[in-house]
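To start, the structure itself, in structure tokens.
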Amino acid sequence: MGGNTESPDAEAERLSTPYAGGWIGGTHHFALRVYFEDTDVAGIVYYANYLKFMERARSDMLRSAGIDQRGVLEAGEGVYVVAEADIKYRRPARLDDELVVLSEVREVRAASCLIHQRVMRGRELLADATITAAFLSAEGRPKRQPREWLEAFERLKREREK
Amino acid sequence: MGGNTESPDAEAERLSTPYAGGWIGGTHHFALRVYFEDTDVAGIVYYANYLKFMERARSDMLRSAGIDQRGVLEAGEGVYVVAEADIKYRRPARLDDELVVLSEVREVRAASCLIHQRVMRGRELLADATITAAFLSAEGRPKRQPREWLEAFERLKREREK
Amino acid sequence: MGGNTESPDAEAERLSTPYAGGWIGGTHHFALRVYFEDTDVAGIVYYANYLKFMERARSDMLRSAGIDQRGVLEAGEGVYVVAEADIKYRRPARLDDELVVLSEVREVRAASCLIHQRVMRGRELLADATITAAFLSAEGRPKRQPREWLEAFERLKREREK
Amino acid sequence: MGGNTESPDAEAERLSTPYAGGWIGGTHHFALRVYFEDTDVAGIVYYANYLKFMERARSDMLRSAGIDQRGVLEAGEGVYVVAEADIKYRRPARLDDELVVLSEVREVRAASCLIHQRVMRGRELLADATITAAFLSAEGRPKRQPREWLEAFERLKREREK
């Protein structure tokens, strides 16, 4: 890019801001790098850690859709939990790999939604999962999602189907 | 029962031996307790950590069937990896809970096997999963399992079907 | 060796009970095995995971001293947190290793205590740490520990010094 | 803010690139967000996970100094491991918090170096640690670091002392 033309303050600001993903059409993109903590002695990413990558992507997706999980949790109004995860591991990821998690809202119901997620390394599909996320009350019972959330999910689903 | 009648040496030996699960009929039992590391801010076990519990149980199952994963890995002969996990979360586990993972071999193929696992708290089913474990060569390609392993799995499967 | 003489029910009971550590003199013993989740691509236990092993041992130590962390946490009365950890890594642990965490109470103060912990593989010292655990109120401020806890810690410290 | 003026391709490129930290003077900055996986039932980041944050920052620091950990590891030439970590926890981090890890090289020796790291939330210091990282041969013995690495560390240390 012909040299860093940013001011020192802009650079400090950029470095101090965690990565945030975003939408391209109805698909949410979330990039991450593989660190030592993610790998195991077989030299590849430990299988449970793909679910961590996918949760980071879903949390970012909710945040970018204006949904404040921490606020709702702290107010005792409820929490999203995963009710089912069906994940296929196709190729292993390795230390230092740059991955992107692609997420799409597939179905929206009163108290849950279905999200499809793919972990990509460039054009290679490493893993993909169908996740059912259910909204639960503080007592752990299925609960209707806040109306604004339902509307946000419906909007994201329509965006994808365009 | 009615006072610790063990000798000090027997007690030291018992305390220095990690838990090992075992078989009752064709079902492998593996008990564990929930620690802080397993929980999240929602007050329950984080969803990816059930896959850790299940992997511990599978590793113990293999060990008790005479299968030495570390030896095979270090010899560069191959490694078991999970090719698919379909997990349903039914009730949350919490800090200090005593859990038991029940594992059963459902199908045995040349280069893979299908294992059904349930995470129980007493008689309550908290989560259950169907796991496809594939044997891969050091280069990451599907590979026929060692003959003794195939035989061990076949034996465990028959035991369950009795 | 020479046949399992336990009754089937006793065996089921034993398999369904998670490991619990215990005291030999003033030293708490807690055994565990290294699983895939604990290792990293360098083939050894990832450095942060020793802190998990040590926390499991401390939680077991508190439980066996009659201290109910979950009850106190749920009652909103406070929580133990680590204020400082100084850990030295001396030799690496590997997959399948059988480890024992040895813990000793070194100092007891009104709102904190100092615990020394060693991770052993047989007679080899793999890592050792000095941990300062502080008792905090639900609002996160230092708080005097419940009297029974102070007494329990004092007793354990005296036991060690015998 | 006034419309996204990036082209769709530039946006896709940006979203597909994981965060990378960087240097301001001799201090390396690495930002991250707290996800569910990082927290525990006490509602705060689990103490061992700060070591994960710090390792991500150190790996990024090495990468940006031109040091290829994965390449050296795969070539069997050696690996950096932590020999000692002394960490003080001052204030808890919570779900969704935006953190920055600040890292500085303090001392450089033939086979090790000393790194000071702080985890900040804005201007608040949450945790700080002194980390001794040792370079080990594939057989696990202390080994002189590659000359270019030593020079890179020396350069970073001088930069900080300016």
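Annotations for the structure displayed:
Just so it is clear, A, B, C and D label the chains in written order, and each chain counts residues from 1 on its own.
Note that in this section contacts are C-beta pairs under 8 Å (C-beta built on N, C-alpha and C of every residue); 3 or more make two chains touch, one makes a residue touch a chain.
Nothing here was measured: the structure is a model prediction, and the numbers come from that model.
With chains reduced to the mean position of their C-alpha atoms, the one farthest from subunit A is C. Note on chain placement: the centre of subunit B and the centre of subunit D lie 34 Å apart, centres being C-alpha means. Between the CA-based centres of subunit B and subunit C the separation comes to 23 Å, rounded to the whole angstrom.
Multi-chain contact residues, meaning those touching two or more other chains, occur in subunit A at positions 36-37, 41-42, 44, 48, 52, 55, 73, 94-95.
If the chains shown are joined wherever they touch, the resulting network links each chain directly to all the rest. On subunit C, the positions that touch subunit A within their shared complex are 36-37, 39-44, 46, 48, 94-95. For subunit A in complex with subunit D, the residues that touch the partner chain are 8, 11-12, 15-19, 21-22, 24, 29-33, 35-37, 52, 55-56, 59, 63, 69-70, 73, 94-96, 98-100. Per the touch definition, subunit B reaches subunit A in the complex via residues 41-42, 44, 47-49, 51-52, 55, 73, 79, 81-89, 91-92, 140.
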